[in-house]
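See below for the structure under consideration.
Per-chain residue numbering starts at 1, and chain names A, B, C and D are given in the order in which the chains are listed.
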């Protein structure tokens, strides 16, 4: 059975380690903090200028000056610091964020990512997405394996790119793929969701991929 | 009679205006604050990361963490702010400092300045001098008109440059010169110290200069 | 003679004309200089170029200058929340230059710091690279991006002293301090106006040298775009 | 598991070897990470490259690594106050690269910010321009300068929490915050070590993300190079 959004987020959370600094995109990535193992300390960065993001505030405690990059009201933690947008992206561009988990429209087998411009819709802008994928040390995409338009794991992205050769790992409802950004132009399937068949993945994936599933 | 060091500093102080942000070099420039007209507010920047420099501390009040760019103990003012070296030179390079008053070994008639490397002595480094002359809006040199080696106002500087076409005005013990950094390659003598003759200035100046002294 | 002005209209007076380039601080509706934007509206100046991460929402923030059609061009990273924006853009009235958010921030920081150009990995291999110099350092490709300045910067701060030293509050800092450095004239609206000496000199975010005009706006309206909350546990 | 180490020796352990490139904060003797420099001396590592605005004075700050001849190359803006430095430089033992102070600061800031190169007016037409690209922007000439990083950055801070959030004191800030961003590993000696939550999140100069190791040095020796005073008026 394909993974649910929560299961995808839980699988992404397995990539977290004690002490990592992490930036989360909107959508499925915002579910990841629910699955951080108890006792593991992970600091969340918000690119509008905050390190150490806390959960949503209690009703009535909202502070208009404490928002995340999705413009949602959030809270401080004892570890929180604030800084300017220039300092925030110096942190991102300078390779200080360990991990970015974000959604995608398309991912190509060489790590190309498209996630900012939707065909047929007015373009709203890339926000900080291009900076994040270019600057963060490891980029994990979490997404549905296919869209209503078909496969999203492709040989080449047809949509405008967010970044070229930037994705390290893709977690979909069907399984987990690793990408060698600088080496081979082939993805590697390393995990299959329970009850999903390899044939189903093959039929729903345009990208070329090796198979190296543990136990296979 | 040639101006004393105090008189040179007093003449330089006449270039100050209410609200200016000023960086002062070591030597004669450090005397300039003694001649700021009463009631005029001028903010002094120190390139090691302080805006709003106060006077030397009272004996016993020295704070090793409150020093100026000459490594001298100084004091805070109510307007003081501190910042990093990068921010300090962003301020300087970005043209936010209105005026720099500094000493020189040589000044050429096109505004070239040499003030960091002394021939025959070991080179200690340029510190922030190159950044200051390249970034500050107006640069005034205060110095003795001649050294023991001869004229200091030259057609071309023989010593290693601090900056090319950077000096706007030179105040010496004999008079005041204006320099058109981007236009003509000729200085303009605009003021003569009381009792100094034009002939004396001519004999002690290698640079070509026009004369436009008020009252002449 | 001082930097403090009576009201936002006076603080803007003489600065904004047809064709002026403005920077406006804020991220979403957080830390937006709303009173100064209102004053810009009152000038009636047209054909403005506005550099701001976002474009407000309908009727709030820069949204009010879109309503009056005073903006000819926006330089932004994300303009999602504004219907009027979409209409004017599609009709060709409004020009739009997208910058990646970090590139926009660094261009502004560079503009204020006297750096005319710098290189960044952001945008290599994307539409953002079109027409830009690509250069390799250490075997990796980078784009050259130019410093960005404006005629006038509009800034929202939390606390200021009369010298113009500024402190921002929490995530309302965002683009405000860098824009303060990159305006030919920088105008600040501030929630709390204090005498010199009231701010800790170690905790000043923007030194007064960057600030030309200050107006005290004590009861500023703060808007929330996405009110997200959790239930308070029962006591 | 945490960032806090027992003493300076432990905090440096395993980081400094022959040929390591270090950054050391400080301006003159102000804000210098003296305890960490002592620990570097104890490693006995040689052929170090040290990036620091100054080189200390004889027997203080980086002066102690010159005494032991552990430094092969300095990248600095001003090294005036050190006799041993002069001797080793003249004898050819010590290599020296002068950078204008603002260029040095911006190179370090760029190194930490992922900017491989930038342009500056500083040094155009001087010896600093030799071998560097000169390029015109808006009719003015600029030099291209490269971002600068180090294997290890040594930083002195006033206050830290155990997460590594740092606050610097007065003019002891200087190069410390930018060097904290540009080290592969950043080690901080701090006068006051606090629990998370003790620092105002609006007043943190260096977010903890930049800090890898912290050592509490409560009674740090502070030196004054030029003790200048005025007479106290009679009461």
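FYI, a contact is a pair of C-beta atoms (placed from the backbone, for glycine too) under 8 Å apart; a residue touches a chain by one contact, two chains touch by 3 or more.
These numbers were taken from a predicted model, which means no experiment stands behind them.
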{"item": "Co-neighbours of chain C and chain B - touch as defined", "value": "D"}
{"item": "Whole-Å gap separating chain A and chain C, where each centre is the average of the chain's CA atoms", "value": "28"}
{"item": "Chain centre separation in whole Å, for chain B relative to chain A (CA means)", "value": "55"}
{"item": "Cα-centroid distance, chain C relative to chain D, in whole angstrom", "value": "33"}
{"item": "Two or more partner chains touched - positions in chain A", "value": "76, 82-83, 89-90, 92-93, 135"}
{"item": "Contacts with two or more other chains, residues of chain C listed in rising order", "value": "106, 109, 113-115, 120-121, 168-170, 173, 201-202"}
{"item": "Touching chain combinations (by label order)", "value": "A-C, A-D, B-C, B-D, C-D"}
{"item": "Interface residues, chain A side, partner chain C - complex", "value": "46-50, 55-74, 76, 82-86, 88-90, 92-93, 112, 122-131, 134-135, 160-165"}
{"item": "Touching residues on chain B, where the partner in the complex is chain C", "value": "18-19, 21, 43, 45, 51-52, 76-83, 89-97, 135"}
{"item": "Residues on chain C engaged by chain D in the complex (per definition of touch)", "value": "106, 110, 113-121, 135, 137-138, 140, 142, 146, 167-170, 173, 200-203"}
{"item": "Touching residues (chain side chain D, partner chain A) in the complex", "value": "1, 109, 111-115, 161, 163, 165, 181, 195-197, 199, 201-202, 204, 207-210"}
{"item": "In the complex, chain D residues that touch chain B", "value": "27-31, 53, 76-80, 86, 89-90, 98, 100-106, 108-109, 120-128, 168-178, 205, 222-232"}
